[in-house]
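Right, I'll just put the structure down here and ask away after.
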Amino acid sequence: MKLIGIADTTFARFDMGAAAIDELNKTGTGFRIIRYTVPGVKDLPVTCKKLIEEQHCDIVMALGMPGPKQKDKMCAHEASTGLIAAQLATNKHIIEVFVHADEAENDKELAFLANSRAREHAVNVYDLLFRPDRLTKNAGMGLRQGFADEGPVEYR
Amino acid sequence: MKLIGIADTTFARFDMGAAAIDELNKTGTGFRIIRYTVPGVKDLPVTCKKLIEEQHCDIVMALGMPGPKQKDKMCAHEASTGLIAAQLATNKHIIEVFVHADEAENDKELAFLANSRAREHAVNVYDLLFRPDRLTKNAGMGLRQGFADEGPVEYR
Amino acid sequence: MKLIGIADTTFARFDMGAAAIDELNKTGTGFRIIRYTVPGVKDLPVTCKKLIEEQHCDIVMALGMPGPKQKDKMCAHEASTGLIAAQLATNKHIIEVFVHADEAENDKELAFLANSRAREHAVNVYDLLFRPDRLTKNAGMGLRQGFADEGPVEYR
Amino acid sequence: MKLIGIADTTFARFDMGAAAIDELNKTGTGFRIIRYTVPGVKDLPVTCKKLIEEQHCDIVMALGMPGPKQKDKMCAHEASTGLIAAQLATNKHIIEVFVHADEAENDKELAFLANSRAREHAVNVYDLLFRPDRLTKNAGMGLRQGFADEGPVEYR
Amino acid sequence: MKLIGIADTTFARFDMGAAAIDELNKTGTGFRIIRYTVPGVKDLPVTCKKLIEEQHCDIVMALGMPGPKQKDKMCAHEASTGLIAAQLATNKHIIEVFVHADEAENDKELAFLANSRAREHAVNVYDLLFRPDRLTKNAGMGLRQGFADEGPVEYR
């Protein structure tokens, strides 16, 4: 039985954690989920590290929705840097699922993007845990989460 | 009995530490507060780490008010990065409560924002310690501290 | 027998991992390759650290293709910072092979650049492991990977 | 007997170390000073860490004067980040006293600013060591070092 | 007998390592030099750490020549951050000697600058190891490496 951590925020404007959990449950079995909600993205690094070290999670999803201002971009950068540091400290993957408020044209598109990106990364998390060969088969294929895949390029 | 650290600065133009302490005392019981004041926001990371490791705090609030210049923005970024590193080193939450001088139109609004953000994050700190389910119930609800909540978005 | 790790992504639009492996095999012997594919460049730091610490790799290639937007540049920066941290934590080289989508004028050139940069850095990896004197002989020679060498400058 | 480290640079255009030492000696007793001069601000983080770990300093002042170019701003940012990391590694305060060359209108003002900021932060260092209550009394008072204090704001 | 590490790159367009070694040998005795060449500046942090921890160097010079593009500036920033982290991990000085391609007007000036900066920092390295008082004597004197010294400022 594997443990998957779900770290999310009250700042986000869509319940990305619920979407990820729903998709994980649709994708397979053999895991249990532990959820931990914090105020904002800058609280996620230590939350993920606690999920790994104190709750024994094998992998964590860090879900957040940084705002559109320059200050928010900096928050996201600081959070991302911390999430990488938390991974290096634990030797576990933390899959960052951030949706920037200015990636979408309106609220409806923002919700759509948050939902689909959370779900597509939930499958990545499942693959990293249970079927890593599926990722290697897609190496260099230009996959995207939330938006349409870009696909591969050729030089011949 | 839990210990809550309050780290604040002489650089800030509003006594955010006092506001946070007042709000914590209004919110509940079961904790004791230790306060530690330093010159500026870049002094906060080690201050919080000392509060956790030397004073045995269970959680810390890091309150500061970065100035409006580009140089000040960089100071805030360095402080935030350090606060995340301090959390990763201790596996304890440090709730950053920064008010940027240019978030407000005038001194009165700046004081209002500093006061309300400190108080709303004080409740977050209480929740993280004593009632984490309250945060999970608000996951993805677009909550804000100091300004009005943005609320959730829907794609249906 | 040395172990070379190949860490790559499904986000990249060219199979840089395959190109690197092909070139390594053409360059020499005395090593075995372990491949580990993850979603994006921000997943590479912990992947490389796991290849070194859990799979006992002596050196790792981290291959990725950051997108053209400002947000993508930031992702690349965070990934690069993490790759350097992973090296410092393990005292092993991780050779970063990133191709930025906006380094090429079109898809064909992007593929060409990704292929040649992966191959030229594969030789660097081989040199670091088996013939470091070849690098010292080229110190200050203005070598480039993927594009033409710039060559040395003189002040006399 | 406490030990205060003074880390400064040959790059700075004013002897901020001497000013800090003079002010410390005017402010009180009960400490000894150890001085360590290096070429530039990027050498300061390890210098401060060595002063703490090898020379047993209880607190360190890191004095520097970054140049006016974009490249210099980046150096200052890297140095500041390192100074925070050094503090987190040692659980000791390192008070950064940087004067940016473009904070002043001319050479005379630059020297004046460097002198007064070094001296005012020397008092902060003394306070952190010997009378921390003095800092808490000034929490949120909008204090500045080198320039005039901004003072507190009110919302009522 | 002290050990001085020389870490340099094949990316640089001038053999800064050879210049530094030549100057060190002209400046004094009592040391032995170990050279380690890598592809680019982002490979320097772990190289310096390996020179210190595996080759027992007492101090290291990290010589590199970042390119002129925005992407190159970011590489230099990442390398610098890593060099500071390597110093903090080892408590040894790593003197960064970077020449940015856009600091010079043409190739000849670039070579001149690379040569003179490498040589002037070689003397700093010698001073840090064997005669630190010479640095303290120059504290606040506005020294520069490669370009002319700026000299000190006065407020009287």
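Read from first to last, the chains carry the letters A, B, C, D and E; within each, the first residue is number 1.
The definition used in the following text is that contacts are C-beta pairs under 8 Å (C-beta built on N, C-alpha and C of every residue); 3 or more make two chains touch, one makes a residue touch a chain.
Model, not experiment: these values are computed from the prediction.
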item	value
Count of contact steps on the shortest path from chain A to chain D	2
Where chain C and chain D overlap in contact partners, by chain label	E
Classification of the chain D:chain E interface as same or different, half of numbers criterion	different
Rotation angle (°) superposing Cα atoms of chain B on chain D, nearest 5	70
Mean-CA-position distance for chain B and chain A (Å)	25
Cα-centroid distance, chain B relative to chain E, in whole angstrom	40
Set of chain E residues in contact with two or more other chains	81, 85
Cyclic chain order - from chain B, heading first toward chain D	B, D, E, C, A
Contact set on chain B toward chain D in their complex	8-18, 35-39, 42-43, 45-47, 49-50, 53-54, 71, 74-75, 78-79, 81-82, 85-86, 89, 107-112, 114-115
Of all residues in chain C, those that touch chain E in their complex	73, 76-77, 80-81, 83-85, 87-88, 91-96, 100, 121, 124, 128, 132, 135-136, 138-145, 150-155
